[in-house]
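Listed below are the structures to be examined.
Next come two complexes built around chain A: one with chain B, the other with chain C.
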Partner chain A sequence: MSLGADVVLSESPTSGPPLPDEIAHRRRSPFALGVRRYLRNWLAVVGGVVLIAFLVTAFILPLFMHLDPYGVDLSHARQAPGHGHLLGTDGTGRDVFARLVYGGRVSIGVGLAAATLSILIGATLGAVAGTFAGWTDMVIMRAADIFLSFPPIVVVIVLAGIFGPSVWMLIVALGVFTWPTSSRVVRGVVVTMREREFVQAARAVGAGRIWLITRHLLPAALSQIVVIFTLTVANCLLQEAGLSFLGLGVVPPTPSWGNLLHDAQSITVINSMPWLWVPPGVAVALMVLSVNFVGDGLRDAVDPRQR
Partner chain B sequence: MGSFLVRRIAAMIVAFLLITVIIFWLVHLAPGDPVSRLIPIDEYNAGTPAFLAHKRHELGLDQPLIVQYFRWFGDAIQGNLGYSVSDGRPVSSLIAERISPTLELMGLSLLLGIVVALPLGMLAAVRKNRLSDYLATLVSMITISTPTFFVGIIAIYFFSLKLQLLPSSGMSDPQDGSTSDLLRHLVMPVVVLGLATAGQLTRYVRSSVLSELSSEYVRTALAKGMPMWQVLIKHVLRNALIPIITVIAIFLPGLLGGAVVVEQIFAWPGMGQLAVTAVTRQDNAVIIAFALLVSILVLLSNLLADLLYAVVDPRVVLK
Partner chain C sequence: MTLLEVRDLAVQFRTMDGTVHAVDGISFTIDKGEILGVVGESGSGKSVSMMSMLGLVPQPPGRIVGGSVLFEGTDLVRASKRRMRQIRGEQIGMIFQDPMTALNPVMRVGKQISEAITIHHRRTSAAAASARAVDLLRLVGVPQPEARATQYPHQFSGGMRQRAVIAMAIANNPTLLIADEPTTALDVTIQAQVLDMLRRAQAETGAATIFITHDLGVVAELARRVIVMYAGRIMESGTVRTIFNRPRHPYTAGLLKSLPSLKHDSQTLTPIPGNPPNLLRPIAGCPFQPRCDIGRDRELCSTTRPPLAEVAPGHDSACHYPDELDGGREGAA
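Up next is the complex of A and B:
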């Protein structure tokens, strides 16, 4: 925190008006200000900590701990937690904790992949709509309206019904039907930036549209894109869980948080084997909640006027 | 307004045609014999190869793809959507009996969502950055982030299994057709879907009311000595409702998506349950019909949002 110490020194009372040099010293970079705003939002901080804990558990813990999510052991099926199984065993004697950890990998992986695809499509189309304006803009934004109001779950029902469920289809469907949010945001930024002097200057010296988009307009929208990415990850995690719960997403035996809950549709499991449905449900809810808090915190940090 | 409406409807029809082309193309790529979903399954299973070849010719499946498309489209808009593979009934009558339970579930949940979200969102906006705002935001964030099916399972665990207060599945008990029985079956599905809706709506209400609260007319009304609650109800709410109504119209298809999950948990005999069952049985005719219906709902709710925007806000001039 050497920066903090400098600031305190410069804020100490001095006689007379501050020198220009001093003002510059007192100013922090927009990034540092953003970090301060983020850290002041305790929900966002807690969300960030929980998020990191989840990522460590899902991706790093299995490197140090032997976990077998596929080992069937029928003689120890449906065991309550304890006896060497932290969260008990499922209907075929597989370790619930191992499946939860590996399921987290799959669910988080699907969420990240789908959100990345969504942002790639959305940012590109949004930038194109904003730069080209006119007819192109109208068609893209009309399409965005329609895509946005198609519930991804329905799209996946149709695709899974026709071609059978698969992880790749899930990722593509979620990506393709969540892009409008980011395209709207990027288009908004591009439209306000389009007439700025630095863009006009670039255009005057002969920059083409592709150059303008990639070098000037998209970087300007970057902080907003990060925010939308976070919120899209949360949305995709929820959608994956819902679809896998319905048996239309990740196909067993590959575990995912959603399909672990698929087996909890029977009354017997709900009633007498809570270790099978409580942990994956809580995992999804906590994960999505913390990603949402991080997203909200980032949004306020990036643009304090919105709250 | 007139020309706006004509252009929007024209754009909507173009979008619908595009969607039907995509659906038709997807179905064309689907594995399996298309004859099986176009004639009742008993006839198909009993049919000799010669009979099936004859049917294939009669249904135009040996024609060029474009001809097949127009034939399929013509049949579909007349309500001839083929036959379900699993029970051999026409898809149109299957859908017809599933629509009203789904609409009932969606309508009541939306109503509950609005009734909860309006006061909660207004409270959060008025008490901005105070404890009640944080609590309202936290609660709505939790309801948004918790998957509906998990909430549903928790509800079944407590209210059906532990307390034995409410039935866990179906719309009614066949042995008991009384009104109270119907209502008891309604409670959990409607509350679960309604709370999920309320969580999302609360955020919109909050931000919409917040942006109105900073308007000049609010300050004028308060300066005249009008009590805050009156300002809220008489002035702020009316203006804040404009964007909220539009959001609700756009929400409708998403609400159907939520209904699909809720119907599955509570064995609610609606369209969502029909569609999910159809997927597990590879019943393509039903899936296609479901896709067409949802597309129509999406396009209509978009149009509705545009129109409502103009109707509720006289300042908006559509051109």
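Up next is the complex of A and C:
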């Protein structure tokens, strides 16, 4: 008879047995799995705790405790810790602990603001470059190369010379000169995602480029963006400390960890008054370390290949 | 009534090694509500021709070099990007081959389905769209659709994912559904369920369906009419019954001979000798000629391209000598 009958492989299909849904429900959500991976990295956990402690001290403690970072008291200048001053006083009798706390606000604030700016610029440009490809990609990525070839510290020195040092100048300069890192990563993720079938599928249901970027490509890159963000925060914090130490960043009397360290430029202070420079130095080091550890932990947490 | 008319569509890819003639002048039509099977081996241009109809072939390197695709009065080859975005998903739904990759792994399944709706109907509320997503999941036979809609793709089995992909494709009641090997990546046991599902979805929406596959069995089960593609060209087209009973192209006949049979107790299968031609070189004659018993030594076959000509009512073959085939396997017809 007909060949047609030969090639009919399957019988009229019937609906299969119900799926074991209890099994499906017991699987963890991607978020829960991520938390589990993060908690497995004890350095990241310690880093997270230290980071939270810093943030609470800098941003919440002053709400409950009277701290005056600006009160000059020349009769009690350069006092050792104790006597009502937890970390002693500086050359003009200001409370070092109060300045450390408020300096933390400025330093962490600069780090966060500059990193946020950097990520906003970088992620947007990276996503655009990766999605549109062609000459758009070329122009943006060559611009990134150009920005990467300037040492930001030199740029800030020049800008400080022209406009005078200020917190805002610092934030903008750091943000503008650190975006290429994030844009490269975001572009890389977007380029690999762009040819994935689910992006094609989204296009096949009518999604335009902007829709693809905001709904599919940036969310796919979000995990990497978070990691880069933490590393950028740490980097900006260090830069701020360095620049303020040189007198090119945050302008006194506004305290920041960097310009607290500025006082440690004299040998006398280093030799005989460690309470002036050890606390801000330790604060910077601990903060940068803990932010980096948190970044490492987040990198493990967002890596879906790990269980 | 004709829904889609493809005429002389040609797609090329510019590569480092030269120009690949991926689709080399194909013409076919599909009526409203019809199921059309497109069969051919890997690289025969099945997927590329469908993707180019939707404007989804990456350009560059791909390029539609000629032809037209008339869909309800619009030429999809020349339509604006804006118009194409409206048509995609709204009037033409696409089902992808691999359900493992066709869903965004970090997006809830229900959200992805409702996205297909909100893209085209911006004023639909999020609640209405997700309610519709649940309805669609129920329609495609996903158990506990309310719970399933809030899950991520990795919590779905392969078959369930393909159902979700189908739900996405039919979300806007398209008039044309393109299914690109929708069962190839699935277990054989799940294939039958998904096929059944597809047939139901097709019946539900009344959408004409282009079903791309390299599985002749699937075509026989699902489609009424079938197109056989080879080397970017249509070799033969006609109803499933006539093509399977009495193929009029040696390539189709070879394909059918290479199938295992339940009725004929043969120990060995008969493969088609040779390999598909290199599409980097333009082919002057029939692309199947070097592998063909009829045309191998004939001058006409190697120099002149055989046109797709009618050999019987509704049955076309691109062979110079369609009558020298004696009707498929062992003259079974």
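We adopt the following convention: the second predicted complex is superposed on the first by the 276 of 307 C-alpha atoms of A that agree within 3 Å, B and C clash if a C-alpha of one lies under 4 Å from a C-alpha of the other, contacts with A are read in each partner's own complex, and residues count from 1 in each chain.
Criterion: a residue touches a chain if its C-beta (ideal position, glycine included) is under 8 Å from a C-beta of that chain, and two chains touch if they have at least 3 such contacts.
These figures come from a predicted structure and were not determined experimentally.
K.L.:
Let me test your reading of the model: by the given contact rule, A:Ala204 touches which partner, first (chain B), second (chain C), both or neither?
P.N.:
In the superposition, A:Ala204 touches chain C alone.
K.L.:
Would you check which partner chain A:Arg196 touches, where first means chain B only, second means chain C only, and both and neither mean what they say?
P.N.:
second
K.L.:
Mind working out whether A:Leu125 is in touch with chain B, chain C, both or neither, as first, second, both or neither?
P.N.:
A:Leu125: touches no partner chain.
K.L.:
In the superposed arrangement, does A:Leu298 touch chain B (first), chain C (second), both or neither?
P.N.:
neither
K.L.:
Considering only the touch criterion stated at the top, classify A:Ala220 as touching first (chain B), second (chain C), both, or neither.
P.N.:
second
K.L.:
With both complexes overlaid on chain A, does A:Ile228 touch chain B (first), chain C (second), both or neither?
P.N.:
Touch status of A:Ile228: no partner.
K.L.:
After lining up the shared chain so the two structures overlap, which partner does A:Ile171 touch, if you call chain B first and chain C second: first, second, both or neither?
P.N.:
After superposing on A, A:Ile171 lies clear of both chain B and chain C.
K.L.:
Which chain A residues come up in both lists, the one for chain B and the one for chain C?
P.N.:
Correct list for chain A: none, the interfaces share no residue.
K.L.:
Please name which positions on chain A make contact with chain C in the complex.
P.N.:
Touching chain C from chain A are residues 1-16, 18-19, 21, 24-25, 27, 29-30, 195-198, 200-208, 211, 215-216, 219-220, 304.
K.L.:
Can you check the complex and tell me which residues of chain C touch chain A?
P.N.:
54, 56, 58, 85-90, 93-94, 96-98, 101-107, 115-116, 119-120, 141, 143-144, 147, 151-152, 154-157, 159-160, 165, 168-169, 171-172, 189-193, 195-196, 215-218, 220-221, 240-241, 244-245, 256, 259, 261-264, 328-329, 332-333
K.L.:
Show which residues of chain B lie in contact with chain A when the two form their complex.
P.N.:
Going through chain B, the ones touching chain A are 11, 15, 23, 26-27, 29-31, 138, 141-142, 144-150, 153-154, 156-157, 161, 168, 250, 252-254, 256-258, 260-261, 264-265, 275-276, 278-280, 282-284, 287-288, 290-291, 294-295, 298-299, 301-302.
K.L.:
Applying the document's contact rule, which stretches of chain A touch chain B when the two form their complex?
P.N.:
Residues 43, 142, 145-146, 148-154, 157-163, 165, 234, 238, 241-242, 245-248, 258, 261, 264-265, 267, 270-271, 274, 277, 281, 284-285, 288-289, 292-293, 296 of chain A touch chain B in their complex.
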